Structures are given as C-alpha cells and as structure tokens.
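Pasting the structures in now, so scroll down.
One chain, chain A, appears in both complexes that follow, with chain B as partner in the first and chain C in the second.
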Partner chain A sequence: MIEPILNLQRFLDAGGPVLWVILLVAVVLWTLIIERYWHHWRVFPRELSAVRARRSRLPPQERRIARMLLRKDVSELRQGLTRSLTAIRTLIAACPLLGLLGTVTGMIHVFDVIGFSGTGNPRAMAAGVSMATIPTMAGLVVALSGFVFSIRLQRGGEAHAREAEDVLKRDMLEGERKAGVRSQESGVRSQESGVRSKKHLTAVISTVEQ
Partner chain B sequence: MNTPVRFGVSLVLGLLAAVGLFLLMNFLVSRGEAGIEAQRREPLPQFIRMDDQEQIVRRREREKPEPPEEIKPIPRLEAVATPKQPTPQPPAFDLPRFDFPTDLALAGLPLAAPPPAPTGPVAYTQSLTPISQVPPQYPVRARRQGISGWVRLEFVVNPDGSVRDVSVVEAEPREGIFDQEAVRALSRWRFHPQMQDGKAVPAIATITIVFNLEG
Partner chain C sequence: MTRFSGTFAAILAALTFLGSFACPPVIAQSSTVGLDAFLEQVRQRAKNEERINQERENEFRADLDAARARIQEARSAMRAEQDRQERLLTAYDANEATLTELEATLREEQGGLGEMFGVVRQSAGDFHAQFLGSLAMVDKPEALEFLGQLSDSRALPSMAELERMWILVLEEMVGSGRVDRFVGEVVLPDGSKLAKDVLRIGAFNSVADGRYLSHVQGRNQFLELPRQPQGGHLRLARELEQASPGETRFFALDPSRGAILAHLVQSPTLIERIKQGREIGLIILGLGLFGLILFVVRFAILIVMDRRIQRQLRSETALPDNPLGRILQVSGTNHSVDPETLEIRLDEAVLKEIPRLERGLRTIKILAAVAPLLGLLGTVVGMIETFQAITLFGTGDPQLMAGGISQALVTTALGLSVAIPLLFLHSLAAAKSRGLVNILEEQGAGLLAEHIQKARGG
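And then the complex of A and B:
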C-alpha cells in the first residue's frame, strides 16, 4: 500500500505544478461522471415513479392542460438527466490544454537550465523534460477516459428522457381511456411508444414495487 | 438519498478513480524505467578480445643527427685609420739640359701666374671617431637568411665634417647585401675634419662596417 503512494508522490513531483491541477480536474471530472451514473441508475427511476404517482393522483383534467403538464414533467426529468454534462465536457476539453500548459512551462524550465549550465548537462535538463512531458500525457489520459463516459452519458440521458416521455404519455392515455375520453390518433401514437418502452416500463414498475 | 450525500460519495469515488488513473499513468511511464534498470544490471558484453598474445611493441631506434656546428661569430673588425701614406717623392731624372735661348720675342711679356696646385684630399690621420652616427639598419633579407658580413668603405671627409664620395672597397659577402645600407648610413655620419696647417681640408678615410647578427 505504501509503495503505490510513494510512486504516485514521485510521479507528481516529476510532473511539476501543472500535474496537480490536472489531478484536481480529474477528481472533479470523475466526481461529476460518477454522480451522473448514480443519477441515471438510482435517482432517475425514483423520480420517474414519483412523477407517475403524482400524475395518477391528479384528477382527470382537460386534455390540453394535461399535455402541457406532461411536457413540463418530461422537461424537468430531462433537465435532471443532463444537468452537469456541460461542465463535464468543459473539463474534458480543458485537460489537453492543461497538458499543453505543462509542456510549455517544462520547456521553459529546460531552457532555464540550458541557459544556466549549457547543453552539456542532460541530467539537469531531465527534470524539465519530464515536467514537460508528464502533464501532457496526464491531460490526454484524463481527457480520453472522461470522453468515452461523457458521450455515453449524453446518449443515455437523451434515451432516458425519451423513455420517460413515452411512459408518462402512455400513463396519461391509459387514464384518459379509463375516464372514457378517447382520441384515435393519440391512441395510435401511444401504442407505438408503448412498444418501444415496454421493457423500461416493466423495470420501472419493479422498482416501484420494491 | 439526498444530493449532498450523493455528491460526497461521488467525490470519494471520483478521487479514487483519478488516483487510479494517475497510478495507471505512472505504471505506463515507469515500466520503461524498470527495463532500463534491468538492462543496466546486466553485464556488458566484451567486444575486445583479451586472450590474444600480447604483442611487444618494438620501438624503432633512430640515430640522432649530430648537432649542427656552432656558428663562429665573425670577429668584429675595429675601425682603424689608414696609415698615413708616405708622400711620393719626385723621381730623380737625369735629363740633359736643353740649352736654348730664352730671350724669345715673347720674353718681355709678363708671365702668367702659375695656377694654384689643386688641393686634392689628403689622407685622414686622426682616429676615425664619428661625431654623429646614424646606426645602419640590418637588411631584412640578410636577417631572415641569417647572413652576417662586413663592408669596407672609402670616403672623403669634407672640411665641414660631412661625408661624400662613399664607395665600396671590399665587402663580405660579395652579393652587395650590405653595401647599400652601409653607404646610406655612412653618408649621414659626421667626423672631425682633417686639419692641415690650421685649416680644414678634405681627407680620404676608410672604414669597415660590420653587420653581425647577435644571438
């Protein structure tokens, strides 16, 4: 346990101050990403079921108002799903640039050494060179690792929002049918969407029963 | 679960993820280093075969050339005054007297005064010590070739002490390397004029100027 920490300490020392910034960015980035996944897996189904329960408690209303309320609920859910994606993408875009900054400062360090002791001392220049190269690699690695997950989160968020919209619309149509109000074209659309979101619908119901 | 707890747990997990990423990077970087260390510990192969018979280096002896003979310096010649030449005696002729009458028609004419005897330069008798002396410069060519020599010059000391009619009598070496310089230098020297009967007269003198490389 001690040796990895010592290795990491040496690595951070070799990378210079910019590497600390990159580490900080990586921590924030991964915090946001993990929070997003948590939200997708645990929080979103709970929110969706809560919205469904609230809507089922509501008395049947006029159809136009019901649709507007539906759109509002879906929009809120979508907002919750894609909340910090912009921040995540910003951090990912900043990582390679931070690495570039580290390169430049490291090279300045190297040139300082050259100006002080000439080119005949490669051992003295090595510190500056590692200060130049390690932050570049760190920035690239952090950005790459975050990039994959950010794309998946974005797509997953969109999909979840669409599914939530379908589920809620289907619920609404079910309620309307029970209330005896029926519209043909909306029924056709709800059937289409019901087929698409059947799998998710069962999942939602199962979580509610838990 | 409310939002702060969610973010707190996410922060811990994110920290772990970031540290894991950095450890991965460190592993990527330092694996090459370990390879270098392992390579450094291996013994280096020897490219030079040491089991050969050692060859004795024979040193070639070479006769040293004899040192060149030392150049004997040419003895410096003293400037000596030429000895006074004996005055030439008129040869005694025993001629028969011509007896012819002298009372010619022109006897009454006044005789022209005999022309004064030309005052040719007499020999210089004093010691040849110049009053003022221009040192001769060693010719560059002679100095480069390491030639030394001397020039004997004959000249006339004017009544005012200056020098004229300088001519080279003898020189060593004969190429005339030093002649021009010796003549040039001597022409600017000044001597005490030769005194004869309380009057300064021109006098012929001879001098030897030695060009000697020192050192």
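And then the complex of A and C:
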C-alpha cells in the first residue's frame, strides 16, 4: 500500500514543480469529464422529463410563440449539456504547453548545473534532465487521454440536445393534435426542418471554429 | 739648401778631429801627482769593499744556520702533529664505531615508537586541517593552535600532548552531534560586523536571527548569506532558535556543510532570470501584462452585464441598461408588425449586441498564441548568439555561450508561462460571453414570447 504512494512521490519529486501543475490540471480535467458523464447519464434525463412535464401543463398557445418557447427550452438544455466543454478543451490544450514549460525549466536547471560543475558530472545533470522529460511525457499523456473523452462528450452532448429537441417537438405536435389544430401540420413540419438544418449548421460552424 | 748644410757639418767634424790630436800632451804633463792619489784611493776602496763583503758573507752564513735550525724545528713539530693526528684518527674511528653501535641500540630499543610519533604528527596535521572548517571547533581557537603546533613540531610529543589531542578529537566528535549556541562575529552582507548569538546545528549549518550563515575557516567569524533559502526554511530556523533545550524541531539542514547553500548564492533569482531574457523577454512580459489587464477589464464588464441581464430576467419591464432589455424594447416598439418582420428586427438587434459582448476576447486569444511564438523567436536569437560565440571562440569556454543559451531558454519559458494563463483566462471570459450571447440569441426569442404572452394576458 505504501510502496505505490512512495513511487508516486518519487515520480513527482523527479518531475519538479511543473509536474505538480500538470497533476492539478489532470485532476481538474478528470473531475470535469466525470461530472459531464454524470450529467449526461443522470442529470440530463431528469431535466428533460422536468421540462416535458412543465410544457405539458402549459395552456395551448399561438404556434409562433410555442416555437419560440421550445427554442428557449432546448437552448437551456443544450447549455447544460455543453457547459464545461470549453474548459475541458482549454485544459487539454494547456497540457502539452505545460509539458513544454517543464522541459524548458528542466533545461535551465541542467545549464545551471553545467555552470556550477561543468559537463563532467552527468549525475548532477540527471535531475534536470528528468525534470525536463517527465513533465513532457505527463503533459502528453494527460492531453491525449482527455482528448478522446472530450470529443466523445461533445458529440454525445450534441446528440442529446438533438434528441431532446425531437422529443419536445413530438410532444408539441401531439398537444396540437389533441387541441385539434390539424390543418397546418405540414407547414409546421417544413418550417421546423428548416430550423433544424440551420441549427445543425451553426453547431458545425462552432466546432470548426474551436 | 740641404746640400749646403750637409757640407757644413762635414767640415765641422773634420776640425774637431784635428783638435783632439793637438790637445793630449798638454794635459799629461800637468797631473802626474793626482794619479797616485787616485790609485791609493782605489786601493783603499777595494779593501773596504772586501771587508764589507766578508761581513756580509758572515751574516749570510749565520742566517743560513738559523734557517736550518728552524727547518729542523718545524720538522720535529710536524712529526709531533702527525703523531697527534694519528692518535685522534684512531680515537675518531673508535668513537664512530661506538656511535653506530649506540644508534643501533637506540633504534632497537625505540622499536615501533618512532613510527608512532610520525603518525601522531600526521594525524595532528590532518585534524588541524579538518577542524579549521568544523563548526564544532569554532569557539576553541586554542585547540586549533595546539594541533597546528603539534603537527609542525620536530620534537617528540609528550604523553600529556598525546592525551590532549586524543581528547580534542573526541570533543569534536561529540560537539558535531550537538546543537549549540555561542557568541560569534557575524559579517552582514553590507559589510558591517556584529557579535551575535550563533546557533550551530552539529557540524553542518549555523544560523543567527533566523538567517543562514556560512563559516569563515579557522576563525570564530561567520558571513550572513546574501541570498537566503525559501521563507519556509527561514521560519524553521527561527523556530529552532526559539526552541527550549530537549525539544524536537524540524529544520532544513544542508548536509554538505554549506556547499549547497554556497550554490544557492550563485543561482540567479527570478528577477535575474527574467533579465536573462533581455528585450524579447520584456516584450513577452509586456504582452502578458496587456492581456491580463484586457482580461480584467472585459471580465468586469461581462460580470456587470450578467448582473443586469439576470435582473432583466426577473423584471417585468424592459430596462435600457442591458442588451436583453434593449432587445425586448425592440419588440415593444414593433408591437403591431407581423411576426416575420419582428423576427428580422429581433435578429438585427441581437447581432448588434453580440460584438459588444465579445470585444477583446479575440485579442486575448491572439496574445496567448503570440507569446509562445515570441518565446521561439527569443530561442532562435539566443542560439544565433551562441553559435556566433562558438564561431569566434570555439566550444572551450562555456561561459561565453551561457548568455545566449540562457536567453534561449528563458524566453521560451516566459512565452509559455504567459501563454498558459492567458489561455485559461480567455477560456473563462469566452465561456462567460458565450453564455450571455446564448441568452440573447436563443433565449431572447423565448423570453420575448413570454413577454408578449404576459402583455396579452395582462
């Protein structure tokens, strides 16, 4: 039990101060990722059913206003789904940079040692070299491990949001049918498909920008 | 003319010749008596000389006899001395033999003792050199002096001296394992000397007033290190100084007896490091500062906007001090128009508000991207300088290359340490502004709908 902790301690000591920052970033990153999964699996279904229940209690409205309200609800859900994805992406982008910073500080350390004791003492330089290499490796490992999950989370979030939109729209049409407004159904459908394609396009544009 | 003078001289010579023949008969005739006297005189004189010679001869003969006698005398003296020399030589040889015999006896009787005295001298010298730098011997100068004398002396050490050395070594051994307090002279970085209470920890470190000292060899004098270890370590040192006897305290010890602390003085501080980055380092820091100020200003504005929008969400009437309120006002002024026109007006209003929320964020992002590039530029500039130094002076002197290399490394490090925080800050501000834009873009419509409904209902 003690042995792995000591090994970790030795690893962190060898990596220098930058490795601690990378460790902190990794902890924050994985906390955010786990929180996101928790949100996708547990919180989002609850929120969706809450919204559906609220909407089912609403009195029948003019269709334009109903569509605007639907857009608002979907937007709120979508915001909940993609809340900390930007932060996750930023953390992932910062990891290799932190690794590089560790490399540079390690090299500064190595050159300090060379300044003191010349190039004849590889043992003394070894500390700086491990300070240079370990954070780089750690930064890349953290970034790569987080990268896969961030992409999956983003796609999952989009999929959930689209799913919520579909479900809410079906509910709305159901309600309209019950209210007996059948005549303009086809018109509504065409408008809605337009809205959806436009939304999809903006989503694509935003991913490209990021 | 010359011929004339030659003839004149010849005539003169001839006249003189004739004259000489004419004179003699006159002279001989006039002095017959003078010659006899002259003869008598000569005889007298000859007799005198004979007598003098006789005397001289006698004298010489007497001298010769005396000299012979002296030779005789000297010879006999020499003979006597030679006899004496022979006698002494024999005596000397005899003495020599006795001496050799006695020395052999001495060596025999001394046995291993001589070797031991050599070892004592050598050990005394070693301990003297070692104790010069030992903190445990700082307040015992007489002991150091004694050891120095012992190592230099040619005489055999006495039993008392041997015992004293032995006890001194033991004292040092015990003293190097103790934490002791004594008064010593401390030289401060500004050159002033003060007598202070110095606390020494074994033979390793010494502190005074919570500051680490370095020991001056062989004297009860200390230098206060101009650059001290980190504050936490100084706090530990202060706590140790205030501790009561027998108490256990943590302390940051330098096990190399000051060598690591001496390196600490040489290693550059953060400010010196930054100075190594030169102009490019300053540019990077300037950009970082600019980005930070920009972020603070924009984030403050975004927070204020957020507050106002939240208030707007709760309030019934459209307030003109926030973007959402202004959008809602658009719907209020276009109350009677058809839905499509209203939507277009609304979109227009939203598009007008978005740039105000996103202003400055792109600049922060660009700064975050530019900082590592500037670091790279600094690296390249530093390496160019390094290679120029190598071209001029070869690789023999690392000091000449050091300036370029440290610039190369420090600018990269600065670039990264500016870029990483800016990246986070940009992400923070962007998330905030995106949230607000989302409220305007997507919820604006819904809020408007609610607004209209309320207006109709009310």
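Please note the rule applied: the second predicted complex is superposed on the first by the 182 of 210 C-alpha atoms of A that agree within 3 Å, B and C clash if a C-alpha of one lies under 4 Å from a C-alpha of the other, contacts with A are read in each partner's own complex, and residues count from 1 in each chain.
FYI, contacts are C-beta pairs under 8 Å (C-beta built on N, C-alpha and C of every residue); 3 or more make two chains touch, one makes a residue touch a chain.
This is a predicted model, so every value here is computed, not measured.
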So in the superposed three-chain picture, is A:134 touching just chain B, just chain C, both, or none of them (first/second/both/neither)?
first
With the two complexes superposed on chain A, say which partner A:166 touches: chain B (first), chain C (second), both, or neither.
neither
Tell me which partner A:29 touches in the superposition: chain B (first), chain C (second), both or neither.
first
By residue count, which of the two partners contacts chain A more extensively, chain B or chain C?
C
Contact-wise, after the overlay, does A:87 reach chain B, chain C, both or neither (first, second, both, neither)?
second
Chain B versus chain C as contact partner of A:72, first or second or both or neither:
second
Looking at the overlay, what does A:176 touch: chain B (first), chain C (second), both, or neither?
neither
Going by the contact rule set out at the top, does A:38 touch chain B (first), chain C (second), both, or neither?
first
Chain A positions touched by chain B in one structure and by chain C in the second
none
Chain C-facing residues of chain A, complex
61, 64-65, 68-76, 78-79, 86-87, 89-90, 93-94, 97-98, 100-101, 104-105, 107-108, 111-112, 114-116, 118-119
Sites on chain C touched by chain A in the complex:
263, 266-267, 273, 339, 372, 398, 402, 405-406, 409-410, 412-413, 416-417, 419-420, 423-424, 426-427, 430-431, 434-435, 438, 441-443, 445-450, 452-453
Touching residues of chain B toward chain A in the complex: what are they?
1, 6-7, 9-11, 13-15, 17-19, 21-26, 28-30
Which of the residues in chain A come into contact with chain B in the complex?
4, 7-8, 10-12, 23, 26-35, 38-39, 42-43, 134, 137-138, 141-142, 145
